[in-house]
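Common to both upcoming complexes is chain A, partnered first by chain B, then by chain C.
And then the complex of A and B:
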């Protein structure tokens, strides 16, 4: 029955659904997991690489995590080729903003522009939607550290911890349980800790939680740096600092939190 | 190939509306103009002054003009040059701020961003040989730091603790260099006003397109304040000694 209404993006089904958009999201749920966790002092992004082979030259280029700007780093889940187009577009948008206003683009602004682009492909033009979801981690002076999730429909929302890709619901429920939220009543009035108000997580907590979630959602017996991409965004000298981890650095992190990671059932 | 056509890079092609036989759509001279802007940094921020005159050539035509505007919460822009082009810039800046207001995202346009925005417009227009015939002085306080910048109709930009446009560049700037440069951070508001009034007085004496009714404005961390118009005390006794005066 759905078959009749799913061949074009620009029509609704009788139940009011856009099947192409939903199918795009289905594609993403088979892609490598990306996790993002917000802490008081920064954001951790970790991703599972799906293309692994001895022959792959993995030290050059990334598959999952990309810098969009000096103050925004994003993890992608879905069709990598589609993602590359959107990454490039966001980079141009960010640079254009910098050229016009001599100021780094506010994180939400960049996410919104990206999402408006994605939404366009669900409403006109007759082209299929982008099969990509993003987790954008960034910092700006107004709101501090922010983590945004966006989907092929062009929806975006801000999260303290989020997950996209394979096993995301599993990961999301672990995050919900383990994330140390700030449950004090005046979390909203915290003006000195702009944006990071509302969380008691430190970077260390975030890294540890990331490893826990990764170990539970990724299907391999042992996590190695070969299968992972890792990045953090923090502040250095009051300026945003993005660090994309090398494989040695990933190994160090995995070793440090080895004790909290349970190997999958033997 | 039937004919050989010269392929011109797209940047030098003019739009179809502007051709060799249509009207000239770029100005070669300004019409209603404002004279100098004088501005400098002091302890609390930046102080700026402009007179209230918009001249029509040598005629003192509009004597209650304001050649400074506040943009957003904490930026002050002063202009010298063509009034019509200034009004165009005013509208453009207003549109920018309206757009920001519409976005409603909690972000504010800082002084540096407004300065960059204006600079891009000015340079873009000069590159089309259709300039906005103005010099702008952009002042603001962002994150506790004072910002003072200049843009002209060539798109030339620079920042300095003291800035003066038009005649002010010749007559006021040397005064500012002597009394302000080096100790901007120690000047109190009274001292700054005194220096500013002295500059404007010299300009009134010697600039043939100036007027003894001026406004001053200050930008501090609290925002922009533009004063009411006021005249300066002047002393023309020396005129008696000028050969031919009064006779």
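And then the complex of A and C:
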């Protein structure tokens, strides 16, 4: 019965749902976890690589974290093949903007363009929607550091800390508990509440919290650089600086925060 | 035959344009405003082929406004100038290019810094402390070269403007009916009377 409404993305079910889009989101909740945490002076992104085998050659570049532009870096959860198309598109969009205005694309602008593209596939033409969620971490002069999450339906939202992929609800509740929000009165002095305006986290706190959440959500005895990817975006000489960690650097981070990472109780 | 020039200070730009609309040797209108407000802190002044100037400026005005509405955020002066240059460069390589010279004056609302961009009909752009277009450039550039100092005050800027206008009156055979003087600063745009400065 359900099959009557499954085969095309463009058809609503009698309950008013788009099953293909929901299935795509379901697929993502089984993909490797991606975590993003905003701090005062930067954003940390971390991603889990699933299904590694000792026969598999380590890929040269990163598989789940990509630079979209000089000021935007994204973590991917879902089908990597689909993600490649979207990453490529967003790189083109960002460069076109640079060519037109001679300034880096505002983060939300890029995210919105990307989501417009994703939304299009839930309504027109294609066979299925893109099975990809992104966590986009970026910086622009107007709003500072920003972290955006997007889903296959084309929705996007801005977060102080967010998680997509496997176990995302667990991770999100840990983040909610542990995240140090800025509730002091001087938060009002900055008129804009977008981006890094209202947080007390430092980069160190963010890295630490990332490790804590990873250790509790990833089902493994010990975290290693083989299964993880890390990236940060910070400011260097007033310009955004994206750093994608090498495996040695990841091991260093894991070693540094080893004490706070306890294996999950359940 | 239009007169169009501007002087940029640290946090303001003075834009001066004549108000004559002429065709061949006939003056059609005396109170023509050749500037276009692009946003609260950006002004576009145009001269060149009369039809082209209005058409192109309105096209730019519309697109800059569209950007603000779409993104709930204004383009900065440098972004605006680059966008205009880009559009004009595209037009230049078409079958019927726009023949427009422009000055883009603005104050960046993030940094508070004023900037002035000179764009000619060949879509060559330069960020400059002062600029002029057309025949009037032959007369006012020497004055501005001589009197401009970095970080000048608004009063010093007005003095240069006055001397430029004197030079035009003295040496240029064209007699301009009036000038429109506008100042873009962090407070927005304000028009000044000739008698006021």
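Just a few scattered comments:
In this section, the second predicted complex is superposed on the first by the 250 of 266 C-alpha atoms of A that agree within 3 Å, B and C clash if a C-alpha of one lies under 4 Å from a C-alpha of the other, contacts with A are read in each partner's own complex, and residues count from 1 in each chain.
The rule is short, and it goes like this: a residue touches a chain if its C-beta (ideal position, glycine included) is under 8 Å from a C-beta of that chain, and two chains touch if they have at least 3 such contacts.
Please read these numbers as outputs of a predicted model, since none were measured by experiment.
Overlap between chain B and chain C is detected when the two structures are superposed via chain A.
Of the two partner chains, neither chain B nor chain C is touched by A:157.
Within the superposed three-chain model, A:106 lies in touch with chain B and with chain C [touch as defined at top]. With both structures placed on the common chain, the touch criterion links A:142 to chain B and to chain C.
With chain A as the common frame, the single stretch of chain B that clashes into chain C is 95-103; none of the other options in 5-13, 95-103 or 239-247 do. Judged by the document's definition of touching, chain A residues 99-103, 106, 108-109, 141-142 lie at the interface with chain B and also at the interface with chain C.
Interface residues of chain A facing chain B in the complex, by the touch rule stated above, are 99-103, 106, 108-109, 112, 140-143.
Against chain A, the residues of chain B that register as touching in their complex are 103, 105-110, 112-113, 115-117, 120, 143.
By the touch criterion stated above, chain C contacts chain A in their complex at residues 71, 73, 75-76, 78-79, 82-83, 86, 110. Those residues of chain A that touch chain C in the complex are listed here as 99-103, 106, 108-109, 141-142.
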